[in-house]
Amino acid sequence: MINETLIPKLGVITEIRQDTPDIKTFRVVSPEGKKLFEHRPGQCAMLSIPGIGEAMFSITSSPTNTEYMEFSIKKCGCVTTWLHAAEPGQNVTVRGPYGNPFPVDDVFAGKDLLFVAGGVGLAPLRSVINYCRHYRDRYGKIDIVYGSRSKDDLLDYQEIINEWATDSGVNVHLTIDREQEGWDGHVGFVPNYVKELGFDTNKIAVLCGPPIMIKFTLEGLRSLGFEKTQVYTTLELRMKCGVGKCGRCNVGSKYVCKDGPVFRFDELDELPNEY
Amino acid sequence: MQVNEYKPKIVAFCCNWCSYAGADLAGSNRLAYPAEVKVIRVPCSCRVNPMFILRAFQRGADGVILCGCHPGDCHYTSGNYYTRRRMALLFSMLDYLGIEKERTRVEWVSAAEGAKFAATMNDFVKTVTALGENKRLEDLRCKK
Amino acid sequence: MRKISLSNLDKAFALIAENAKLYIPVDGKGGASFKLWQEGVKMSDALNTVRSAKDFFFPQMETLMEFKTEGKNIEIIDNRQEKEDFVVFGVRACDVKSFEILDRVFLSEPVDSYYASRREKGVIVSLACGRPSETCFCKTFGIDAANPAGDITAWKTETDLYLLANTEKGEKLLSAISSITEDCDGKAVEEQKKQISAIMEKLPLSNVTTEKFGAGKTKEYFDSPAWDELSSHCLGCGTCTFVCPTCQCYDIKDFKTNEGVQRFRCWDSCMYSDFTLMAHGNSRASQKERFRQRFMHKLVYYPDNNDGMFSCVGCGRCLTKCPISMNIVKVMKTLGGKEND
Amino acid sequence: MQKITREVLIAKAEELLSNGTVSKVLGLKKGEFSYDQTPAVFTDIESMKKDFVFDDFSGANFSKYLIKETKKGEGKTLVFLKPCDTYSFNQLLTEHRFDREKVYVVGIACDGMVDIKKIKNAFGDGIVSVDATTDTLKVETLYDGVKEIAKAEVLAERCRNCKSKKHVAYDELIGEDGEVISSNRFDQVDELEKMTADERFAFWQNELSRCIRCNACRDVCPACTCEKCVFDNPNSGVQNKAAANSFEEQMFHIIRAFHVAGRCTDCGECSRVCPQQIPLHLLNRKFIKDINGFYGDYQAGEEVGNRAPLVNYTKEDLEPSEAVNKGDK
């Protein structure tokens, strides 16, 4: 019988890292200890706990990681709450990869890159950032603007300051929403910070975060002179099948699971405002 | 020789204040009642939603019995009066749908009536055993 | 072309049923439905079944897989099985067309193996519509009620059933009953086709056109103010989607049995409030958005992705079944403007 | 009795719209055929004259739409209510579902509505038009020319067993008010009760197995007004969109009927909208009959503020065991 995409593979959670008070990062491998499948930066996978449910998550680890996959998951719904209560060794089922990746090998190649993320929105971008860092010589300057509610809510903080910030040609700009003790970095919302930093427009920008942040950051970038064709984002809607058949994650005639989740803003303009 | 004796599954919803204590008393007085009876403690018989009864059947129960304080003795004054009306209507409806009416029962058992609890359970198990397996309100997925 | 006397139809059914499960439309309480043929079961004369024939390939509920869980361990059980051969007899032109529409969803990459295996095993015998109803508008979508597709096309007259195989599967089935059928010319069929075509022209909905709809019209209709009124009294029930032969949205859910977990797929409806509900909110917050999604999908989104093919076959089921009599014809006429009246 | 026609209602609406009593009219809009009517809101008399329809197919119960309609904008909504609708109206008011002040009710006499399904059962598909101006309907068919059928033969099930011609709520009446009438509405329930348990089980299996779980019965029901239905709640464990087997069909219908027990006015909308023609009213009527039999006659919606039997009790209520045996008789 032919393969069935709806039938998942078995995965094992080998490590759980508490990133922020409500975000944990789960490391998943096959029962044999190998990576479950190959993916491209920006793609997603369906994780599930039988009896609890199945949900789509972006793969946070870079494709260049040959050992395992990671998922940064915020506790907010049914499946995520259950996962947050899980312990290492827990089996999960995984299927994927789904969706289109960021065009890292063609459009992004040779360009300066600007990543703008808010909160758990860093999760899908981390995969791209690490991919680009791995093939550092293929890309120009990399700027990363990342903001969160507080210092404690910054995802992958250690990795950011120990690895990303120390790379040559990579500039990391962190910000938090409100003043906090022990924080001497920037304070303020991401969209304003992006405008303050004032990037030159000769680059590709990638946004991910809460809808309100995306909206105002896009406006900010537009005021700096960015064209919509230079700005990418990644969407999320309720999904069940992951392959464009169950009929719920469409925005107009595009399915986020199949035609997305990565969209360029000029492409989004062609779609009705229903996401 | 293997004896394949049919043992029904019975779910007994017992109110915390009277019937559960009654079941306790039956136990401490060493009054025997069949092990097929699974007691579920509820704060009041009135807590038992009709859906609980149906879901007990779905999950494989062959009989469901609901025990509460005697009318007038409810810890919350009037809970069991509501139970009485609800269950009267629900059981009548189940009967109307052709589901054996002997599979459901309401009994009032006080904390002092350990003997009544044991006798009720013995009688109920006997009745349901005679009826055999629940086929009319079953979910085959739960019966593998 | 072959023909068989109607008095011999039961014999033909018996022959077919020897090798495959045979389903025919049967009258019952609440209307006709497809039932397994057995000795003595009579075919319905009703124009169409209440539920469409999509059930045969995309059943309302089916188990996808099972899981056993123990502690932290999960075992995945793929319990897909080879499907049995089956024959569906008496499918109308609209429903046959609906299979093509479903195929484009389920047989496109990655192929849905549950659907594909049923499709592979099923033989469709279609039946021309002798007496179309006032609610029929299949002509709008280019479907010929007089000449339905399918593995075999059948025409029923007062006395005989005429059969024409269109595919290899159909040939095989016809040869299985060749002992009780005879060769014939197509005169009677031609005559009936003419009659049916004449009736189709006279139907009250024969002037409904799709001209105004199709690929690339999202911008034109999405923000139309007409949606407010059209959807204002929609109850949000799933009647239209569940009787529709082309609605294919589904949900995947888990059921905890006493032993493990059964993951099943069931029909879902874009009209339901929880269809797009996520932990943080709903992208289609009110009934207007859900209602719009259903009709935009049939008239614009689906054509966008499928070479202009519409995802409606004009079977008229939603016209008869909607509790508030709101339906795709009214939507098309309202959005399309006067010309469609 | 004054025959209520479209013209009479339009004239009344014109009067009330022009003197400012109401700002909109909740009514039915004509459809593609002579029988398919869609609820609509009219704010001006021109659009009413164009699209408003009222005839023997105007059976829909409008009371539930008032919940949504009264929340929109200022001004009163005019609604024409048949006697049976007024019971649902009162029941909704009892449950504080909308503001009485925002509705202007014109009670209209009703001599029964026609069910298109029954016409189709009699003449088959292909109904071009139906003339229902007299007690003999003239049905134009595609294939058999014009046929005639007595209105009494194609009356909707609920109208055949009409329980009351009396309006229990109105601001104004057109025509004379009727009386509560003794109906035979429990006859079918009696018949079922007289069957053996096996026969009853077979009867309901045949009926309920056709259910496609479209939820139309629930969504149309004027008593089902929960913000979130238990069957839509993922945490309830019963949120299933398809009935996997006969258990879930039974479960859904028992619970649906139970949740409206004591509040159901027997308006019959559930059976009217069922695409599979399941006689759902027989479940509701069983509860109504039992309530009447066990706790004394009670008609939901008869008066605003009545306490429903399931949120009430007496110390002398009969025991569930007695109830089950009483149901037999």
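Letters A, B, C and D mark the chains in the order given here, with residues in each chain numbered from 1 onward.
Criterion: a residue touches a chain if its C-beta (ideal position, glycine included) is under 8 Å from a C-beta of that chain, and two chains touch if they have at least 3 such contacts.
No experiment lies behind these values; they were computed from the predicted model shown.
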When each step joins two chains that touch, the fewest steps from subunit B to subunit D total 1
By C-beta contact count, C-D versus B-C, the higher one is C-D
Per mean C-alpha coordinates, the chain lying farthest from subunit D is A
Note: subunit B sits from subunit A at a C-alpha centroid distance in Å of 53
When centres are defined as mean Cα positions, the distance from subunit B to subunit C in whole Å is 46
Taking each chain's centre as the mean of its CA atoms, subunit C sits from subunit D at a distance in Å of 30
For subunit B, residue numbers touching 2 or more other chains are 141
So subunit D residues touching two or more other chains come to 234, 244
Among subunit A residues, those touching two or more other chains are 78
Which chains touch? The pairs are A-C, B-C, B-D, C-D
The subunit D residues in contact with subunit C across the complex are 31-33, 36-41, 60, 65, 124-128, 142-143, 206-207, 210, 212-216, 218-220, 232, 234, 239-244, 272-278
The subunit A residues in contact with subunit C across the complex are 1-10, 49-54, 76-78, 80, 86-87, 89-93, 236-238, 240-241, 243, 245-250, 252-253, 270-272, 274-275
As the complex stands, subunit C meets subunit B at residues 255, 257-259, 262
In the complex, the residues of subunit B that touch subunit D are 50-51, 54-55, 57-58, 71-72, 78, 81-82, 84-101, 104-106, 136-141
Listed in rising order, subunit B residues that touch subunit C in their complex are 59-60, 141-144
